[in-house]
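Supplied in structure tokens, the structure appears directly below.
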Amino acid sequence: MIIQKISRVLSNFDNILPVFAAACAVMSVITLLFLPFVYSEDQLYPKKIVAGSTLNPYDRGGPPFVQAEIVSQYPENSPSAGFVTAYLTPFSLFLSKQTLYMGTTIVAHPGGILDEILYNTRGLDTVVEPSILFVAFAIAAYIFRREEHR
Amino acid sequence: MNEIGGTPLFFLEFGDIVVYFTPFTLTLFILALIFTVFVLVSRPERQIDIAFGGDAFYDKVISLSELRFRRFMSIACGLACMGAMVTGDVFDFTLFVSLVGICNVGIVAAVKSRHVQNAAYQYGLVALAGTVPLFSAAAMVAATTGTLSMLELAKNAVEIPLAARALLVLGVMGEGMAPFYAAKAEMFRAPGAPYVIMCSLSSLLIFLRVAEVILLL
Amino acid sequence: MIAQLLFAVFFGLLLLGIHRKVIARIQRRPGPPVWQEILHMLKFSFKTTWVPKTASAILFVGVVLVAIGIWTAALFVVLSGGSLLILFAIYMLHKIVEHGFGLSSGSPYGKFGGVRSVISAASEIPLFVSVAAIAIFTHSLLISDIIAYQALNGPLLFTIPLAAVAMYVVLLSKMPFGPFSIVESKELVSGYKTEHFGLWRAGLEVCNGLKTYVLLLTFILVFIGGLPIWLILIVMVLILVTLSFVCALSPMLSPYDSVTVQTLIAGIMVAYVALLGVMS
Amino acid sequence: MIWDGAIWNEYSVGLAVAFTCALIGFAALTIERDDLHKLLLIDLVETASLAVIALVGTDLAEALILPGLVVGIAELLALSQIYLTKEGYQHNPVKRLNIEVMMISPAPVIISTILVVYGIILSGFTGGGIAGLGIVFFLMSRSFTGDFHVLEIASGVSWALWVASFFVFMFFPEWWYLALMGSAIGILLKVITKMSLVGAMWGEPE
């Protein structure tokens, strides 16, 4: 019977990835068929390229320690939004004055543009994200260590 | 907003991510909490097999470190579940769901048997593949509507592509796959009932929540 | 509230008794008296009770309390006209309760009953599909709103018959002795409830009675509409008898086949609702 | 009905490309049988999802890519370890980097110290990466008896630090500077520990 054949395939967990991948592939095709989508122009945290800025493409304008304009969903929930954006550590300030091409490096410093969204307005995301990393790390370390002790 | 899970009782703001409790999400949250407390306080059961042809019995022994690790994973899983139940942000929800996925893999992977490890690996692969539709869906919601907040999306100002919703469901199915193949794995024969329950509880909870999210959007 | 709760428990147990009686008569057996399940519950309440040495004690006891708690909450939701989604969430979480019953005892039979309960989680997907179908028409999931909608536009049973069939299949999968009741098939002794005895088993019986009552009540309220209470009880018995006929006349499927059949039904329902959604 | 009305904007073209890539990847996954290749292919498919996120094209996209990327990497780390165990691969002693001219040469120490110090100055994600690279380099060139307790504790501390600074941000926004530095140090520690774990797993000298 066809049902028995299907259940034989489904009951083997070696087959779940192929089945799931097939579903994903079908879904990709369906998504392609639904194209094009309308891109909403009214986006949060819009990005503008300031030509000639040393902080390109992360320049948001504004001198250090002054609040910069940020389009966030609920501005009333993050009163300090924009402070971090406008702040550069002395070292990053130095770097930004030296060269045009260090924008991406500056992002890695505390005080980079990206950090604003990461730490403040979407902070819960980044709490979950290190948690995922922490759990994955714990799994790997536990299994690795158990093998070591054997 | 259309009231799928009831009127929100209260909000908790974390910047742009607003956590809200409706009667529906609160029910699920409390259940996740109850079972997490069970995991925390209950001791695993012991299994006894009677030897054939006599009254003697074998007692299955599992190392303490394994049980501790699985308890840790189950608690992490419970916390992730609670987060996924109440978060009001689509991307945050997908992140919590992938945390649930990796915790499920962790609960299974700790069992020391080649067969179980094999199962855990396959679940892990599906969970990893599941992040693709999951994150794609969230990103498509953000791009087509300009927001990720469920409260804003529930106002139905802009239509979300059907494909994005379907991708979200597919992703959650991938992350919550593990328990449904569990019967094949030896993991259920290893002691540690509270931990295994967390595995299936989390899957069911995220399914329930994604049903609400889909109806809400 | 307390009176209604007690009534629900006893009437639910009576329904299960009728179920057994009807099946027995179809199979040309005399069968137990219809109040047999109530007697069971009372009998277990006064039996010696302890916790097995192998069990995970807190879970073993806690899960009984959770079971009664969630179905009491479910009854409350239905009576107060709350959200259908909460009700179905509780319904799905009943799987976890079965799982908990089975796993906490340490007995391999209970364990496999619990495992089977979890792998058949696909049986719940039609539930969500019927919820989605209802939401398309009523634009609300509050049971009170659904009843109000039906008072205006006639029973949903005729508007979306396939969704009603899906929910009927879900009811069927929860009935004992049915084609999908792999969780308590005889090779597993009593399935997930093998090791729960005494007061714990009485709690489980209470939960079963409540569950049957709540599910049938929901089916009637959602697909037929608000009726006077005596009519609801009669319709409940009628639906139960049809369920008993199905249970008595169909063989139990093997575990994975049961899952596959349920998954296929779920797939068909998803397609149906997608069609409904596109058309509306 | 699909074609009229909506215009093929840049976003839709981008999505078409990304989903075509994903489709190819998933199609490969359906027929692939080898477990290791499956893992590699999934990592490839993940890239397509990052592309879909990037198509949002705002600063939000960047804030979303980082978690997306981290989730992929983290699960890859856990899964590859499970793979090693399940296949029963023994811990093959890898010959350490043979760059030392004399037995006790300070060169690797100096190089890794420079990397670590530079990483700490950079701080944040990139900083953690560079400092971690320094430690990996050190571990690979030195004998190392993996003391995982220390690494696990450091990882836990960094995680706690991050969560603590998050709460400072949310509830005491006037102390944002403290929170910022806390989370920057947290992410630094986090990335360093992960890199060192990778370095330690890579191989121990016999």
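Structure notes:
Every chain is named by a letter (A, B, C and D) in the order it is written, and numbering of its residues begins at 1.
Definition applied: contacts are C-beta pairs under 8 Å (C-beta built on N, C-alpha and C of every residue); 3 or more make two chains touch, one makes a residue touch a chain.
This is a predicted model, so every value here is computed, not measured.
The chains in contact with chain A and with chain C alike are B.
Distance from per-chain Cα centroids to the pooled protein Cα centroid is smallest for B.
Between the chain pairs A-B and B-D, more C-beta pairs are in contact across A-B. Computed from the mean C-alpha positions, the centre of chain A lies at a distance of 21 Å from the centre of chain B. Mean C-alpha positions place chain B and chain D at a centre distance of 23 Å. Averaged C-alpha coordinates put the centre of chain A at 13 Å from the centre of chain D. Here the spacing of chain C and chain D, counted between their Cα centres, is 47 Å.
Looking at chain D, residues 11, 15, 22, 26, 29, 38, 56-57, 60, 64, 67, 71, 74-75, 78, 82, 85, 169-170 sit in touch with two or more other chains.
Within chain B, residues 13-15, 91, 95, 98, 102, 105-106, 109, 118, 125, 129, 132-133, 140, 142-143, 148, 181, 183 each touch two or more of the remaining chains.
Contact with two or more other chains is made by no residue of chain C. Judged by the touch criterion defined above, the protein chains form a pattern that is neither an open path, a ring nor a star, and not fully connected either. Every pair of chains in contact is given here: A-B, A-C, A-D, B-C, B-D.
Against chain A, the residues of chain B that register as touching in their complex are 13-19, 65, 69, 72-73, 76, 80, 83, 87, 89, 91-92, 95-96, 98-99, 102-103, 105-106, 109-110, 112, 118-119, 122-123, 125-126, 129-130, 132-133, 140, 142-149, 152, 158, 161-163, 166-167, 170, 173-174, 177, 181, 183-185. Residues 2, 6-13, 15-16, 19-20, 22-23, 26-27, 29-32, 38, 56-60, 62-64, 66-67, 70-71, 73-75, 77-78, 80-82, 84-85, 91, 121-127, 146, 148, 151-152, 155-156, 158-159, 162-163, 165-166, 169-170, 173-174, 176-177, 179-181, 183-184, 186-187, 190, 193-194, 197, 201 of chain D touch chain A in their complex. Those residues of chain C that touch chain A in the shared complex are 254, 256-257, 259-261, 263-264. Only residues 53-60, 62, 66, 70, 73, 82-83, 85-86, 88-90, 92-93, 95-96, 99-100, 103-106, 108, 111-112, 114-116, 118-119, 121-122, 128, 131-132, 135, 139-142, 255 of chain C touch chain B when the two sit together in their complex.
By the touch criterion stated above, chain A contacts chain C in their complex at residues 3-4, 6-8, 10-11.
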